[in-house]
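Two complexes, one shared chain (chain A), two partners (chain B, chain C).
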Partner chain A sequence: MRTVLCHPYHLVEPSPWPCLGAGGAFFITVGSVMYFHYGLVQIMYLGVLVVVIIMFVWWQDVIRESTFQGFHSLVVKQGIKYGMLLFILSEVLFFFSFFWAFFHSSLAPAVELGVVWPPQGVNPLNSFSVPLLNTAVLLSSGATVTWAHHAIISGKREEAILGLSLTVFLGVLFTGLQGVEYYEAPFTISDSVYGSTFFMATGFHGFHVLIGTTFLIICLVRLKLNQFTSRQHVGFEAASWYWHFVDVVWLFLYLCVYWWGS
Partner chain B sequence: MRLWLAHYWLYIKAHKEMEEGGSQLVLQTAPFDARFPYTNQTKNCWQNFVDFHRCSKKLGEEHESCKYFKRVYTSLCPKGWVDNWNDQVEAGTFPGRI
Partner chain C sequence: MAARIVNRLNWMSRRFYAAAVDSSKMTLAEKEAAESKHAESTMKTWKNVSIFVAVPAILICAYNAWVKEKEHHTHPRPEFLEYAHLRIRNKAFPWGDGNHSLFHNPHANALPEGYEDEDH
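This part shows the complex of A and B:
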């Protein structure tokens, strides 16, 4: 049966994923409470597993509808892009709150800290050591993801795969270096408000790097499966926007928390 | 330091004037300090406590200059804070540099 569409919108079929995903999120919430209060992790893990599975099947549906059924018209793509930009804006505000907490505590340090920042007795990390290297790593990854983008637009598949692979490698390298830095840090999250603000801000950034790297890996797989064309690659664009956002957050973290804050 | 000297000078002057006027009792609280212009005087209290200990280290607790700092912080600080800080100074865990 052929249907003729008289409008550019994509009217989605009824789907079980929103409801099941919400159920998974509910399990994570209840499971986290059980973990925090009784050390019981099973329910939380079950919730995470359900959410991960739902993410997989839901986005699998989106890829089917866009790449294989061709439902994503220009208007639909525009809507998705606006949605992604608004999501990133909300993420900016999320990080804004951690920077606010940091500046609240560091611009006028309390008497309990010795009226100095970093607080008396806290030895911060050397900002010109691994953190500077990490800045270079993330900035380079921003360049390689742009290289991959231009390669996709120009239809140069091999170059795109190379550029994106390099980006993923640099992302993993960043996470590894941050892991070593966390392991070697002479302070912990419970060492005064310095530790709290430091690990809250850099920890959430690290978590976002992991999400961004996963997003890029999925793009790499889709690139190898020939799912992107020079005209149709919204998934890749969203991933690169997200990656640039993570990159910019790091620049501010480096300047404020690592350099000025030490 | 210059600010503190100005305060100290005013304080001595008030003292002398009162004594010359025949009055024995001098009533005075902490003067206005331009470094701490806000309502919250926590850091004014803290600074005078730290200055008292730095002063005592150099000139001895009984020196007139150090007594001035002590009068100011006793006037500004809640007693509980001072007790707590004194315990910390004794234990070597006070966060300020003395």
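This part shows the complex of A and C:
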């Protein structure tokens, strides 16, 4: 049976999930502000609940449309690819703001900090210890995800499952090591603008690693359920693009915040 | 702009897979078979990179981190000095007693009043 739809028609229905998901994300943002300022936690929980529910129904719709209805024609796939690229671009700009804050504070350290970076009294982490290991772990996961990708294209299912499982394992390992580093760090988020910029930038990167790992786990489950073919696997491609983006952000964080910044 | 990037990516992947053979006179099925074959050799390359480059790199970095952390733990922790720019508490943290950061480590992180335990 042919699995490629070469006609130019866009067959999928408009979806309510992007708009409702954005609403959920907005509730998380506002809820977090309410939590940090007033200790009010309910709005944040509501936002998380909405986002989790929408993750399920949105993925369910995409899997139905792609795998079970066969609606992923070339033009539909191209639309999804535009969407993913624009989303990643917006994420790049999101991280720009944290790097901006970091360079603003570190290139000309304020007199209150002792005119030095790291500020007087702050002992930074050794960038050639666990952060270097984390760099190796994340770069390696980029190699294993490419292994899985080419295995899917060449129809080698077992190889693809192995490569993707290793990628997920490396993602979880990275998160675990970051958790240990956070606990062992001699400074906290309240230790001058060094702590604020460090935990804001690396913390949001950590969140993105969790999102990317979730995305890869979904792909692994779909791979095991035979939902990808060598021609039809946009979901996997989107996950691997996102994973590479998270990887590149880490490289910049490592070079600027961990190495230069220490 | 986005359209151009996607077209460019598609063009690059086509070039990438079709580089080994002249695809102009092939049927779609033959092209797919050629692409699959080419992907298999690329897969082997990345599998080899994963096993023979990534795994040793992780092991070397893990050993290096282990040695450095072990050495680091023999040093006494820095003396508590009260700086105005450190351990800022403009408002209470929303969790716990409001005085401990989220990843608080009693040995490594002092409170505004000083360390909670003796160094060991």
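Here, the second predicted complex is superposed on the first by the 224 of 262 C-alpha atoms of A that agree within 3 Å, B and C clash if a C-alpha of one lies under 4 Å from a C-alpha of the other, contacts with A are read in each partner's own complex, and residues count from 1 in each chain.
FYI, a residue touches a chain if its C-beta (ideal position, glycine included) is under 8 Å from a C-beta of that chain, and two chains touch if they have at least 3 such contacts.
Since we're looking at a predicted model, the values are computed, not measured.
Student: Please determine, from the superposition on chain A, whether chain B and chain C clash or fit.
Tutor: fit
Student: Is A:Met55 touching anything from chain B or chain C once the two structures are fitted on A? First, second, both or neither.
Tutor: The answer is neither, since A:Met55 touches no partner chain.
Student: Could you tell me if A:Ile217 is touching chain B, chain C, both of them or neither one (first, second, both, neither)?
Tutor: A:Ile217 sits against neither chain B nor chain C.
Student: Decide which partner touches more residues of chain A, taking chain B and chain C as the two options.
Tutor: C
Student: Quick check on the superposed pair: does A:Glu159 touch chain B, chain C, both, or neither? Answer first, second, both or neither.
Tutor: A:Glu159 contacts chain C only, not chain B.
Student: Identify the partner contact of A:Ala25: answer first if only chain B is touched, second if only chain C is, both if each is, neither if none is.
Tutor: In the superposition, A:Ala25 contacts neither chain B nor chain C.
Student: State whether A:Val76 touches chain B only (first), chain C only (second), both chains, or neither.
Tutor: Neither partner.
Student: State whether A:Val115 touches chain B only (first), chain C only (second), both chains, or neither.
Tutor: first
Student: Of the partners chain B and chain C, which touch A:Leu46 in the superposed model: first, second, both, neither?
Tutor: neither
Student: A:Ile88 in the overlay: touching chain B, chain C, both, or neither? Say first, second, both or neither.
Tutor: Once the two structures are laid over each other on A, A:Ile88 reaches no partner at all.
Student: Enter the shortest inter-chain Cα distance between chain B and chain C once the structures share a common frame, rounded to whole Å.
Tutor: Value for chain B versus chain C, nearest C-alpha atoms: 5 Å.
Student: Which residues would you name on chain A as touching chain B in one complex and chain C in the other?
Tutor: 112-113, 119-121
Student: Help me check something: in the complex, which residues belonging to chain B touch chain A?
Tutor: Going by the criterion above, the answer is residues 42-43, 46-47, 95-97.
Student: Mind listing the chain C positions that touch chain A in their complex?
Tutor: By the definition above, chain C touches chain A via 2-3, 5-6, 9, 17, 32, 35-37, 39-40, 42-43, 46-47, 49-50, 53-55, 57-58, 60-62, 64-65, 68-69, 72, 77-78, 81, 83-89, 91, 94, 101-105, 108-109.
Student: Going by the contact rule at the top, pick out the chain A residues touching chain B in the complex.
Tutor: 111-115, 119-121
Student: Using the touch definition from the top, list the residues of chain A that touch chain C in their complex.
Tutor: Listed in rising order, the residues are 35-37, 39, 41, 78, 81-82, 85-86, 112-113, 119-123, 126, 128-130, 132-133, 135-137, 139-140, 143-144, 146-147, 150-151, 153-156, 159, 163, 166, 182-192, 230-231.
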